[in-house]
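One chain, chain A, appears in both complexes that follow, with chain B as partner in the first and chain C in the second.
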Partner chain A sequence: MEKLITLVPLFPLVGFLYQVFFGKNTSKQLTTIIGSGAIFASFVVSLIVFNSQLHSHHAVTVKVFEWIHAGSLHIDFAFLVDSLSSTYLLFITGVGFLIHIYSSGYMSHDEGFNRFFAYLNLFVFFMLILVLGDSLVTLFVGWEGVGVCSFMLIGFWYKEHANNEAAKKAFIMNRVGDLGLIVAMILIFSNTGTLNYVELFNHGKIASLSPSMLTTIAIFLFIGAMGKSAQFPLHTWLPDAMAGPTPVSALIHAATMVTAGIYLVARNGDLFEMSHTASNLVMYVGLITALMGATIALTQNDIKKVLAYSTVSQLGFMFVALGMGAHSIAVFHVITHAFFKALLFLGSGSVIHGMGGEQDIRRMGGLKKYMPTTQKTFLIGTLAIAGIFPFAGFFSKDQILAHAMEHNMPVFILLVIASACTAFYMFRMYYLTFHGEFRGTHAQEHHLHESPASMTIPLWVLAVLSIVGGFIGFPHAMGHAIHFPHALDHFLEGPVLVAVGDMSVTVEIILALATMGIAAVMIYVAHNIYIAKATPVLEDNEITSPIHKLLNKKYGFDELYEAMFKKPANAIGHAFATVVEWKIIDGIVNAAGTAAEGVGALARRLHGGHIAGYLLTFIVGLIILLGLIFKA
Partner chain B sequence: MLTLALLFIPAFFGLMMFLSSDLSKKLAWVGSLINAAVAIGAAVAVSYGKTEMLEFDGGNIAPLGAHFALSINATSILMVLLNACLLPFIVHVASKHEMRNESAFLSLILFMSSAMMGAFLANDSFLFYICYEAALVPIYFIILQWSTAENKSKIVLKFFVYTLFASLFMLFSLLYVRQFADSFLISDMIAAGSKLSQHEQVWVFAGFFIAFAVKIPIFPFHTWQPNTYKAAPTAGTMLLAAVMLKMATYGLLRITMPMVPAGAENADWAMWLCVISIIYASFVALNQTSFKLLIAYSSIAHVGMIALGILANGNTAYEGALIEMVSHGAIAVGLFFIADMIESRVGHDHFNKLGGLREKHPAFAFLFFVIVMASVALPLTSGFVGEFLLLQSVGSHNIVMALLAGLTVVFGAVYMLRAFQSTMLGKHNAELAFADMTASEKWVLTVLVIITIAIGVYPGMLLDVVHKGLQLTGI
Partner chain C sequence: MKELLLTALLGIGILVLDILNLKKYVLPFILLALATLVGFIAADWGTIETPFGQTMLVYENGANLALGVFAVVLFFWFILSSSYFKQHEGKTDLYALVVFSFCGAGLLASFGNMAMLFLGVEILSIPVYVLAASKKHDLASNESGFKYFILGSVASAILLFGITLVYGATGSFDLAVISNFIQDGKDASIIMNVGITMILVGFLFKISAAPFHIWTPDVYQGAPTWITAFMSTIVKAAAMVALFKLFTGPFQFYVEANGYTIGVIAAVTLIASNTAALWQTDVKRMLAYSSISHAGFLLSTIIGNASLLSLLFYLLTYSIAGIIAFGVIKETQTLEGNPLKGLYRRNGVLAFAFTAALLSMAGIPPFSGFIAKYFVIAQLIEAKYFALVVVMIITSAIGAFYYLRASLNVYQHIENAGRIVLTPLIKWTYILLTALLVLLTVAAGYIHLL
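Right, the complex of A and B next:
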């Protein structure tokens, strides 16, 4: 069955190429059928492959063609099908398909409809290459490919300067991370002679690495992951990436591409497992990011920006899990997050669609009345991310917290604070958007409507997944007591590190109740502030409290980077281009030329200054000279 | 015999133009296409192991001890392909614009191609030197006669004298090694050079490196390059950037590295110079608003990487350098072609005065974007394969150098995307009269895009020829 795997990326590629060659004369309807159909076909094949993996549990390499054979470097374009890649396949194509369907409604009035589907298909192609590649280089093909697609989709509405700037920023910051990944690849190949996962990990090639080299490689790999997964300090591109159409935010900047960093670390899990320093770095960076994202989200008023910082924060949670060695739980959170964050983004898209483009939650309120489906599904997503049983986010987040509690108490406490913030900012947004009085203009109120079925059906499907999705990872101790297995851990074990704690059922239950209790308090506080007391949210220029200002300004990273990197780089470039280049270097060259000219002035009469004659004399003289030398 | 044909076909058609200047365009086309076909034939011959056709030795030129010896081997075959296959594109650009004395212009281009072909085919180091120098003459006249720059005579004289002067250092190195060699044949020179003491080899290496560093160019010997690229008519710039500088990287790979291995091993100073060159040029590129100057500086960064990889001498450097030389050639032609399209339409190449072209010219935007992506070494384009192999070698030698040289990954994205964005994106500007791509322009860009993607997806089509050549003839 694994031989079929080539079809999985092939369908989206064909979908893309169809648009490149025939897109001009294709109707929107046909584009929807081809574009979504391609992803659906991939999904079906992925299901077949996944099912086969479920039974055999045996990793298979499928070679497509010989790619780069140079010197001692042999890289095939080949796919590695195992439980990790087949799990990723399933939610990339599954969620991807839903978002394609949603896009057919969301983008229906856009003149770039076909172009949009072309990019989406290409994105899915590269994302599949990323997770299927059997070596780091093949992964890198997908890695860079999704980066370009992200660039094209963030700047999809290319007439707006701000969108293009956001797209460029995303690409460049990702490339900083990519350089880390490239250096890691060079180090791995120089020291082991291979970049293939099976050779590295199953055949034990990494055993030849010294501890310090292991740590160095792991850190550089992680720098790559930081770029792609928007971890501090390379996180600032992700909120700006919200300039793209909302389905893009859901697919690329929430469900799939930004989780590639987690995939990278999980895929190379043995490397991280063997380096305590690197693992700790992963954990602390994740922790900082989780807290930072969650606190910034408290004060944002753009519906998509709240979700963007929430994504940054949730990705931080996943890295904390990775850093603690609980790789399978990080993957679990990737999956549940894909469900509920895609749902929330698509829901916000539905809101923006209904509001005629408005994204500021201060101008919304009471949308429940006009958009009941969006409101219900959004509430499900909000409960899921807040970690309320039995919604999906509860299971994955609670297991991260449980691991933290066993692993490192201060980390645990800080994560609890971050998840308390999560419950608050999510319900703040939910209440401000859907409850209370409408605060927008009359024109907006008149325009309000529920979105079409093409958009609400994907919402419902994702809502259902956000409710039941968590049960694939039932907590170990509790599950053991009631004979309900942690299906995902069992499936992933082998390719992915599974860390099973020794927590008792009682502690597990107490922890679950405690975290839900905290979330409930936060929900109550949010309700109290924004509904019961209906406290108006301050406009940006009314903010006086310094902490509020700092959070509203996102801790000032953009300004800091502008001052630290962009301005100095441009200043150095300017100094090089004007002073060093022409005054110093070229000045010396010219001075040398003038000096030579002075010497040459004596001999000038010998040749008339004609350069061809000069050359001829030069060559003839040379030959005579050489003849004299070698005759002797 | 194929080698002789490759060497003389362009020059022959160039001479024919003097006889019938009305037919010059047709002659240029026919000559360049035949030459490209012969080069492809030669590559096929190599991959089938038919090398007997690919050697030619006109015998000893007494009393010099130099041979008129030509060969196609593992190292030269890709350069021959590059030179021959890019020539039709360059002829296309040259005959695209109305210009005075067109037949002389085209014939100079063909002469130059022949001279460069001679450098790639030379099996004798003195012949290499002669051809290396001879290629300067046609380009000198091309710039002097057809440049529209005001200070062209100053620019071109500097270029000419600077490179000619630097080549003397190569000559000294060659003559020094020749004392111990049986002849100027590269094989004899390698045998003799590698027996020299380390101290001698370091000096011989330095002589070569200085000559090549000016031609490639490498910081701080590069200041002739940006203005020359900008001043030259586009066809001339393409010859310079896509092919001519490869004579230097090729010479480094084919002659210098094997001839003075001990010198090359102790060349960290030269490698650091390459690293500085890459970073310096990237910074300067950040500051450019002229598209041609931007390409010129980005080219310094790219070829600095080629030189750095060759000097690192790792086990992937050889193939990486060859692939990257081809790739850089194709991409440079593509970028300068686009610069020429813009300049001929709006009268300048300052991209900050452009914008919004994408809306009305989506196909142009698409092709431009792919070439930009190839230039920033995106996987599945030719740029990635070469750069990855080169960086791999550099990193095996010294990881800090790889990290610093790898900064181009970031810088390249910054300046290339900015140029693309300023030109193509944003609101449509109705005041900017920009005619859509002509059919022939569309074809040129499409073919170049296909070439870069084909090499990126299946580099084996070039590397297999190299491997076969290595089995048959060695380096």
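Right, the complex of A and C next:
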């Protein structure tokens, strides 16, 4: 069955190529059918492969073609099918398919409809290459590919300059991370002679490395992960990436691409396991990011920005889990997060669609009346991310917290604070958007409508997944007591590190109740402020409290980077352009050109056209030549 | 041997067809014969044939391959030039002369004796003197033929003098005997060295390397364009193959002792041609200088321990680009003013083929000129001629300037462009040749299999 795996990335590639070559003359319906159909076909094959993995549980390498063969470097373009990659496959193609369907409604009035589907298909193709590759080199192809697609999709509405700026920012920030990944790859190759996962980990090549080298490699790999997964201090591109169409935010900047960093760390889990320093770094960076994202989200008023910072924060949670060695839990949170965050983004897209492009929650309110389906599914997503039983987010987040409690108490407390913030900002947004009085203009109110079925059906599917998705990872101790297994851990065990705590059932239950209690209190507080008292949200220029200002300005990272990197880089660039380039290099080039012309003018004089002169040159040439030969 | 007989008979056959008034069958007849020739070569692959004993001609893989390359280039030359010769009254005579000249090229690919070498050079050159002057009422063509004839005879005289001196030193014309003479440990006398130097000069003239190149721009510019194309490809290639055979064979000791001097000649050739080409406003004259600059590369192969294969690869690549470029110039020659300007509006195929040919000559990937130059430079680096490599790279940069200037010209916008109509055969030949320029790059990877 695993042989079929080649088909999985092939379908989106074919879809992409179709749009490239025939897209212009294709109707929107056919584009939808081909674009979504390609992903659906991939999803079906993924299901077959996944099912086969579920039974056999054996990692299989499928060689597609011989790729690079130069000296000692031998790299095949091959796919590694194991439980980790097949799990990723399933939600990439599954969520990807739903978002394609949704896009057919959301983008229906856009003139770049074909282009959009082409990019989306290409993105899915590269994302599949990323998770299927059997070596870091193949991963890198996908890694850069999704980066390019992300760039093109953030700047999809390229006529607005701000979108291009955001696209550039995302690309450049990612390049910083990519450099880390490249350095890690070079170090691994120069020390072990291979970049293939099986050879590195199963054949023990990695174990032969010195501890300091292991730590260095792990840290550089993690820098790569930080760029792609928007971890502090490389996180500032992700909120700006919301400039892209909302389905893009849902698919790329919430559900799939940004979790590539988690995949990278989980895939190279043994490496991190062997380096305590690197693992701790992962945990602390994740913790800082989780807290920072959650606190910034408290004060944002753009519906997509809130979700973006929430994504940053949730990715931080995942890295904390990775840093604690609970890799399977991180992957679990990736999956549940893909469900509910895609749901929330698509819900926000539905709201933006209904509001005619308005994204500021201060201009919304009372949308429940106009968009009941969006409201209901959005509430489900909000409950899921807030961590309320039995919604999916509860299970994964609870297990991260449980591990933190066993592992490191201060980290646990800070995570609890971050998750309390999550409950608050999510319900703040929910209440401001769907409850209370409508605060927008009359024109907007008149325009309000529920979104078409192509958009609401994916919402419902994701809502259902957000409700039941958590049960694939039932907590160990409790599950043991009621004979409900942690299906995901069992499945992932082997390729992915599984950390099983020794927590008792009682503690597990108390912890679950306590975190839910805190979330409930935060929801109540949010309700109290924004519904019962109906406190108006301050406009940006009315903010006086310094802390509020700091959070609203996102801790000033953008301004800091502007002053630290952008301005000096621009100054250096300007100096190079004016002095080095124009004066020195152009000067040399022009001088060389002038010299060449001068020599040419001399050479040309020889060709006077007189035969006698030519003959003389011959004889002189012969004499000089003889002289050269007999000079010794 | 049968290849050579076939060629000679082909030349006579053309004249017979003329007498029988069957002119319209001449071209198919020639193409058929050339295809047969290539077939013979393929059939003879791997065998060694030495007619007339050991001395006169030696047919082995290298000679056959060289002949094959010349035949392929000539095949396409005949197809592309057909539209020009169609209006020419003396078509069959000129065709016969070209084929006889090709006979000389065949001798130069397979000679095993200096007598055959000299015969080959003369048979190659004498028809070309006539061909260069074949536009009887055109002053420039007459001047071109006359200049070429006078200067060519001097070069032949120097060559013959050199052969005589080598005979005096070794007592033989036979290459094998000369080789053994050196290998037996006998010192090369002054007479021998002077002789070899004069032979070298004779060939430097033929391949137009500095300082014996100065006739080239005048002659190339004045001669009918298709004859120029023939001269700059097959004539030059045959002379180069002969030079290569001599100086990597019996005269290798001379190259080992004087590699530096030959490197200087190559460097001077490159510098003089590329800088002079910058000044040219006439594209045909510019291509003449380009042809000289390629002589610099070709000459370097003998000091870089290059294989005959890489030389033939260079010659094939360069010749294909050459007949495309001269062909396109000929197709546009009837136009007023700057005929190449805005060519893409007149005929897209010609414009693209021309660009590809020039980029290949400039050595820009993916065209095979890049690989050809790469082979040469890689072998020079291995032989540690770093200064020459630096000169090559700098002059290639200068070259890129005038090649790109000419190809940009083709894409300038012009109003009211009249279409240039090509017959389907010629159009597809241009497309095929352009494709070959790219395919050869790929094929270069398999060159070691031969």
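Worth pointing out:
To be clear about the criterion, the second predicted complex is superposed on the first by the 575 of 632 C-alpha atoms of A that agree within 3 Å, B and C clash if a C-alpha of one lies under 4 Å from a C-alpha of the other, contacts with A are read in each partner's own complex, and residues count from 1 in each chain.
The working rule: a residue touches a chain if its C-beta (ideal position, glycine included) is under 8 Å from a C-beta of that chain, and two chains touch if they have at least 3 such contacts.
Since this is a predicted model, take the numbers as computed values, not measurements.
Legend: residue contacts after superposition of the two complexes on their common chain; A:68 is shown touching chain B, with no touch to chain C.
In the superposition on chain A, A:213 makes contact with neither chain B nor chain C. The partner of chain A that touches more of its residues, comparing chain B with chain C, is B. Legend: residue contacts after superposition of the two complexes on their common chain; A:586 is shown touching chain B, with no touch to chain C. Once both structures are placed on chain A, chain A residues 593, 596, 611, 615, 618, 622, 626, 629-630 are touched by chain B and, in the other complex, by chain C. Chain A contributes residues 593, 596-597, 599-601, 603-604, 606-607, 609, 611, 614-615, 617-618, 620-622, 624-626, 628-630 to its touches with chain C in the complex. Taken together, the chain C residues at the contact with chain A in this complex read 147, 150-151, 154-155, 158, 190, 193-194, 197-198, 200-201, 205, 210-212, 214-215, 217-218, 258, 261, 264-265, 271-279, 398, 401. Those residues of chain B that touch chain A in the complex are listed here as 63-65, 126, 130, 133, 136-137, 140, 157-158, 160-162, 164-165, 171, 175, 178, 219-220, 223-224, 280, 283-288, 314-320, 323, 356, 358-359, 366, 373, 378-380, 384-385, 388-389, 391-393, 395-396, 399, 402-403, 406-407, 409-410, 413-414, 417-418, 421, 424-428, 458-460, 463, 467. Chain A meets chain B in the complex at residues 20, 65-73, 137, 140-141, 144-145, 148, 151, 155, 158-159, 161, 164, 168, 171-172, 175-176, 178-179, 182-183, 185-187, 189-190, 569-570, 572-574, 576-578, 580-582, 585-586, 588-590, 593, 596, 611-612, 615, 618-619, 622-623, 626-627, 629-631.
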